[in-house]
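Take a look at the structure set out below.
Naming follows writing order (A, B and C), and every chain is counted from residue 1.
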Amino acid sequence: MKYLLHDIRHNPMLWLLFFVPVVFLAEALKPGAYTLLFVLSVLAIVPLAALLSHATESVAAKTGDAVGGLLNATLGNLTELVIALTALRAGQYMLVKASIAGAIVTNTLFMLGASFLLGGLKHHTQEFNKVGARLQAGLLFLATVALLVPSAIAKADSGPAAAFANELSLGLAVLLIVAYGLGLVFSLKTHRELFASAEAGEAGESPWPVAVALATLAGVTVLVALVSEVFVESVQEAAKTFGMTPAFVGFIIVALVGGAAEMASAFSGARKNRLDLSVGIALGSASQIALFVAPVLVLLSYVIGPSPMSLDFWPGAVVMMLIGTLTAALVTTSGRSAWFVGVLTLMVYLTFAMSLYLLPPGLR
Amino acid sequence: MKYLLHDIRHNPMLWLLFFVPVVFLAEALKPGAYTLLFVLSVLAIVPLAALLSHATESVAAKTGDAVGGLLNATLGNLTELVIALTALRAGQYMLVKASIAGAIVTNTLFMLGASFLLGGLKHHTQEFNKVGARLQAGLLFLATVALLVPSAIAKADSGPAAAFANELSLGLAVLLIVAYGLGLVFSLKTHRELFASAEAGEAGESPWPVAVALATLAGVTVLVALVSEVFVESVQEAAKTFGMTPAFVGFIIVALVGGAAEMASAFSGARKNRLDLSVGIALGSASQIALFVAPVLVLLSYVIGPSPMSLDFWPGAVVMMLIGTLTAALVTTSGRSAWFVGVLTLMVYLTFAMSLYLLPPGLR
Amino acid sequence: MKYLLHDIRHNPMLWLLFFVPVVFLAEALKPGAYTLLFVLSVLAIVPLAALLSHATESVAAKTGDAVGGLLNATLGNLTELVIALTALRAGQYMLVKASIAGAIVTNTLFMLGASFLLGGLKHHTQEFNKVGARLQAGLLFLATVALLVPSAIAKADSGPAAAFANELSLGLAVLLIVAYGLGLVFSLKTHRELFASAEAGEAGESPWPVAVALATLAGVTVLVALVSEVFVESVQEAAKTFGMTPAFVGFIIVALVGGAAEMASAFSGARKNRLDLSVGIALGSASQIALFVAPVLVLLSYVIGPSPMSLDFWPGAVVMMLIGTLTAALVTTSGRSAWFVGVLTLMVYLTFAMSLYLLPPGLR
């Protein structure tokens, strides 16, 4: 507990932990105040995500390179996974798919663009390891393409039979998870040296003892799950109040909320002129969503969902994911960055956000 | 006047100025001879564009780097802008959109490809600054993507409400112009050195005194506007005579005519083994169309057009713009060129031209 | 004959020649046993393709660089061409188009990916000449784009008139062949040095005398044509038995069978840490399909086909070809490779294969 208090004192984001009890209180007292519950649950998830991230890193730091890397890689997107699982159990597949697509786009456009902008405002031009960046951008591109195959082929041929989409998604989920496993062997074992810098630097804060970290990991995961429940229940009604489409909520809000902790690390890396770190977090996290979170959700939909979920995204999401990964590949290929590259990358993100916000509900 | 005469003596393209009075005469005498008027107006716009370009550069050379760069960047596509404004006032939105899309494709495929080919016929292989080229290709890609968001998302979701497209285009136009302004700060102020070579070399001819240049700028802009009026009025009927679709006219003819002066500079740079200059003109001009000309036309459509114009392009144009910018990114990424790269780039352009020419009118 | 016997002794793939007489025997005895005939004809084509490849190289080795290169470039995909011609004569245009698309995708994803994987399992990281690879990837991208223009523009505009597609395809075929001819001038004459390494190494086995090679070339081509006839006749019925769609057969089976010989060379190059060779074969062969085989088939459809064949591919094939060439461009841009890059490239190929296998017949 003293570790927690120490952290809270030094990290203003953790002050938001105050909202965790508030959200449960509010739900008990006013179960119908959806807008309030939505805002409170968003405010409560952000610090919990930061705690999860710190706890994961603390365990990872203690257990040595291989197991630690595995933990970091598997639990790095735990917040996104728990939120998506809650939505999955509630049968809100549109929200689940939007949050998968949104997490990829947010990582490749918002996180990368804001890192370039924040870093570029402080440093004239920044260099980063282009060999590593190209490799990661290439992996991300391939992962995204594999994820999009059912949508691309089915949509292109105007209207798939639902059975086909489910069968294909199931097969694909297995393939993606195999590729993810091989990717862990690659990045943690056979070619560890290519990814070294990114992992070493991620632990910005002092690590906790293992017992504290493990207890925090377990406890906070439960809290995230409970808050996510409030979030998923209230989001639909609240979105209506704010005039947001479900696509906008999943794509923008969930992705920003779930990724808040990683963003803090990526931005601080960029300010310290360690763009390798920022690029590694942004591209690595996006790859993990495509190769691990998405297929796990498909497989779990057979167990905990009301019906099987396919990987068949709506066409706008396909376009946005492809553009996001192509943009990431293009802006990282030169190994150099300046603030305006960040501005333009963010602008593409803003145009997506604007389109989703304005999209009439009929078009989804 | 003596400067003008001196230039005319040394630049055969200016001999076409002869057609400027001819086109007005012809319109007064034979207002219904659309095919004749169309041909004459095309012949008259080419030398006027060259004069505009020279006058802009002369003013720019005298006013110092920052203001001069601003002028060059803003007035570099003045001819395209004036033609498009005339079409906008006449409510010919198809022609306006086709000329925006065509200018981007012509700059990235025709101007770049012909520069590579012409340079490559004289020099075995040519090298150019790949860092600058990659940066510019990256900016162009992001600018094009932002421009295409309404089309991509709306079309992908099969049929947008017109209101949505207009709202989104308006918001996007504001975003694009903000990005354009920030881009000027970037290229003229904070990171001037990255763009230095391209600007320095653009003034191939000897500059005029400022007074002459300003007077020419004003006078020639008026002339371009007047000739454009004839052009826009006659183009529809003339196109029918030649068996051309409106898409072909806007995409190919307007873009080639409007960009003639820049092409002359780019090609002469390539022959002199200064491909940096050619690549800079081609990519810079295409970016400017996407970030400045297109949004200005959207905003002005609220003032001078019969109804608001959206940035909703027809699908073929979207595909062609994306392929154009992707091609530009790919062929400039290595920083080396040889004649066959130019041949293939031109071939892609030719296939687009051929498709547009053959496209049955029903498909637009 | 003794050369042939010597080769057979040293190359286990040639033991499959045993199936050549077997397939003719089987067809004479059991003309209705489609599944058997299909399997036998596949087994018979593989060694014939290897012989064709060796004979072409032997002639090429004797006739000097320019003519030899021309031969290699023209006859390198002779097997694919003969199979496609047989399908063309039978009016099976779906099979022809699927085999064109499949050959491009198989070369860029399967051949490249498997080379990276096989090479990477033996060597920690492999380097290859990135200048040459980028040039070839750029050429391939432009060739593929040109090939796809009719599909992209026509499909994007929802349903073309058939006449338009045929007219455009004819014009395009002429353009592509002109580009192919210019490409030969480029790679064999003006810029020979850029492609040198790939050609020099292709002759892995000892060359035959010219007379033997020419006789083999003629004889084996006839045999391939005869076996192809059996293959094309039996493939439809056999596919039904195996539950395969015609798209799957053309895209996957024909492409793998036709490219078996080239794959053997590419893989052996990768194992010997000569990735330049593997990348050259994979990208060069894919370019040749787009620039030479496809347009030749369109032109010949006017002579030997029941009706003109257009280059209008079904949308799924367009997506797959574009992704294949983009992937090839991305994974070769860094000039370095490791086994996991191969895994992910193969995974994209597997997802395509899986989709085509599962695709309900109604969606084609």
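One rule holds for everything that comes next: contacts are C-beta pairs under 8 Å (C-beta built on N, C-alpha and C of every residue); 3 or more make two chains touch, one makes a residue touch a chain.
This one's a predicted model, so the numbers in the text were calculated from it and none came from an experiment.
**Student:** Can you grab the rotation angle between chain B and chain C? Superpose on CA, round to the nearest 5°.
**Tutor:** The best-fit rotation has an angle of 120 degrees.
**Student:** Specify, for the interface formed by the sequence copies chain A and chain C, whether it is same or different in terms of residue numbers shared by both sides, with half as the dividing line.
**Tutor:** different
**Student:** Compute the distance, rounded to whole Å, between the mean C-alpha positions of chain A and chain C.
**Tutor:** Here chain A and chain C have centroids separated by 40 Å.
**Student:** Note the residues in chain A that touch 2 or more other chains, in rising order.
**Tutor:** Only 333 qualify.
**Student:** Going by the contact rule set out above, which residues of chain B touch chain A in the complex?
**Tutor:** My answer: residues 131, 134-135, 137-139, 141-143, 145-146, 149-150, 152-154, 156-161, 163-164, 167-168, 171-172, 175-176, 179, 182-183, 186-187, 190-191, 194, 329, 333.
**Student:** Would you pull the chain B residues touching chain C in the complex into a rising list?
**Tutor:** 124-125, 314-316, 318-320, 323, 326-327, 330-331, 333-334, 336, 338-341, 343-345, 347-348, 350-352, 354-355, 358-360, 362-364
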